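So, here's a batch of structures to check.
Next come two complexes, and both contain chain A; in the first it sits with chain B, in the second with chain C.
The block that comes next holds the complex of A and B.
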């Protein structure tokens, strides 16, 4: 049991490093918004947001160190259903113009 | 805390767990109890993802349909207040995770300190958000009878007029999404205030700090929602 508990948290320096990484990514996304990248502007912005969210989920919410496989399955299923919601809605709205 | 109250069961193997007063009798050991609480919390967070997912979906559909109006509306938001709030939330996520670490190490005063700092950062976010909302009222960008939007979409120097009804849609989504997010922040601040008081009274020890961990999970999710709201609402076509 104690082995699991040791793995749930990281060192203070590690958390500060992740925090600084998230702040740097925030500055990057603001900077990138002022550069004209054409259609890539929203893609870059969402890519950076997803990297930030992944860092938070893996290292702050300790999904990476979670001992329960079931918890991991619940997390993945949540994002899976969100993907269904977004992709099927867009599959409808994005294909209406040809009518 | 470690009095004569015994919860020894057949599956209990470790001494500190046998004397852990927080261990409920229907769990085999503290780790199983913790896993069950964590699973329940994640199930709740998944419903939260779907709840905000509906609004994100509405946002996506309308943004694709009325891009110019959404870009013109986005250019009226205060990007620096938004960016500052993103930074405030990230720092508060770090203090939450350090609070969990302090709870695990049994450092009561450090734990209370981080919880209080988290609440203060949450309130800082809400105050900045309040100033942003005031700006929206002053500019008549709040949806309703007084809504007024005459700005044009600046497409690399080309001024394209915008339908105010479409811009109103953007601000409706802005207020719905940031308002719901702010409500979650208010609940989070209340939650951490209660936890700080309980932690000060010594309710948590290295063998039991699940409420701190689960409130932390909630706070991180609220942080993640803002991480997506910020680029989607504030950063549309800023380069022109």
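The block that comes next holds the complex of A and C.
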């Protein structure tokens, strides 16, 4: 990495730790799938997936500590469009039983 | 680097000895180039090849439908033929054509930059496109796919035994080529504009490519993941879309159309940008309501994401969701109409000349208006239920995607051909081809509106005899259209050697791309331009140059 890049960089050990953390969380997801928690199974799985995605976005994609405004705009618009996908799809699923 | 103010009305410079075309003659110098202009030429050759391949399948469809009975091919073969036509035309022609050819060539030139922000990623995007193209050709030669370009579940995951996974992979890879192009444009337009080139001075072609790039970057990953999910369910029987395994079959359609409806705007927005440039140049006026036209591109990109379930009105979605999506679909009509009305208003009191690019721009406005208005009919739930999966829908989207996108693309190719090659095309032949395309297009697709409205379903290889007359008209139109598309291919190649030398600015057009030589040098501008004028400053051009000369 060149020195003039604007985002903060961490040591290799830090990224390795994050990587191991992601693998542990993956193992937790697999493990949790074998425990019958009823309606909480998908909630646990989605929670872990969200934590993993957050770690990837913040550290591997260098969003944490980025000084560039465009980076923030990209992240916000990404989540905004994800929210559109989820909310308008749910507008179908949640109202199918309405008569 | 030293900056020089380039006067708005500078006299055209002579053709330089060294330009991007002759700066290296080896195959390697082309295949490993990072020059955006050379990559645009590579894309031009490859999308043209796929266009004619997709066109070949279109001709097979039209030949089969010449007669009511299935006599040219079997039903299974017909399914594969229209699927290959759709996949190739949508993913390998319409989506990349304007951004990857004209956008790649023009975005840096129009903003006064030396290249795109990530030249090597730009080359990578072309290689991904080619890998996807080779894979889809492999699928085509080894059995094909029969789901239609939409890969609907459960047919694609459960029943068909054709090459779904391979075709999906081809689309997946081509999708990344599109993401890379979009990413490159966004960063380039944000970071590499020439000094003085503020957002409100940008050419409208840049605005529309910027809006397109947003859709490419935000939408394409969704379809990529959706295709992966189809493959996962097909190969490993994981319950994603199959209700017996806990999945939901409509989830596929939601995810697929979340991308694939905005994909229509990936196709049409850059062509709208081309039309804005053409109208301004050949009416010698600043585009009426510049800011509204610019922001309407962004509005179309955003609203385009809110309308996808109008493809699903009969699929079993909730009535309430259908009403919301119907309303939202109408709202996309507003920014689209802003563009059409503002182009028309630009013509008012303009000094109009009818060179070939302008003929295509007029063709675009007419055909897109028909495509758009029939889109509003389809956004109306009652009509949509009546004509879903009929030829009415086929006619509608061809009016937008072929009438719109191809008219814009061909108009743009004629307009910037002198810039790309340094040569003029033969004007009389070009006008003839524009006429053939317009007449052939309408003769092909207008009868399909009627056919669909009276009940002819799409995707069947046979039909009741009473539909034959309109189908014969449609096939006759398709052969005229084919001639109209082949003609430019021939005279463009001819002009490479025999065309008149164009000079830097044969149209006396405004815009930074015309202030460098034709063809441009490898790094576009000898000195970084400083922009001190508004976009489309045709009123500052001296009176004797106001009327755009028509190429001979």
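The definition used in the following text is that the second predicted complex is superposed on the first by the 92 of 99 C-alpha atoms of A that agree within 3 Å, B and C clash if a C-alpha of one lies under 4 Å from a C-alpha of the other, contacts with A are read in each partner's own complex, and residues count from 1 in each chain.
Criterion: a residue touches a chain if its C-beta (ideal position, glycine included) is under 8 Å from a C-beta of that chain, and two chains touch if they have at least 3 such contacts.
Since the model is a prediction, treat every value here as computed from it, not as a measurement.
If you put the two complexes together on chain A, you find that chain B and chain C bump into each other.
Touch criterion met: A:89 reaches chain B and chain C at once. When the shared chain is aligned, chain B and chain C each come close enough to touch A:70.
Of the two partner chains, both chain B and chain C are touched by A:78.
Once chain A of one complex is fitted onto chain A of the other, the partner contacts of A:49 are limited to chain B, with no touch recorded for chain C.
Note on the chain A alignment: of 39-47, 93-101, 111-119 or 201-209, the part of chain B that runs into chain C is 39-47. On chain A, the patch touched by chain B and the patch touched by chain C overlap at residues 70, 77-78, 81, 85, 89, 93. The residues of chain C lying in touch with chain A in their complex are 187, 190, 214, 218-219, 222, 248, 250-251, 254-255, 258, 305-306, 308-309, 317-321, 324-325.
Contact residues on chain A toward chain C in their complex (touch as defined above): 70, 77-78, 81, 84-85, 88-89, 91-93, 95-96, 98. Those residues of chain A whose C-beta lies close enough to touch chain B in the complex are 1-2, 4-5, 8-9, 12, 15-16, 18-19, 22-23, 26-27, 29-30, 33-37, 41-42, 45-46, 48-49, 52-53, 56-57, 60-61, 66-68, 70-71, 74-75, 77-79, 81-82, 85-86, 89-90, 93-94. Within the complex formed with chain A, the chain B residues making contact are 14, 17, 29-31, 35, 38-39, 42-43, 45-46, 49-50, 53-54, 56-57, 60-61, 64-65, 79, 83, 86-87, 90-91, 93-94, 96-98, 100-101, 104, 156, 216-217, 220-221, 223-224, 227-228, 230-232, 235-240.
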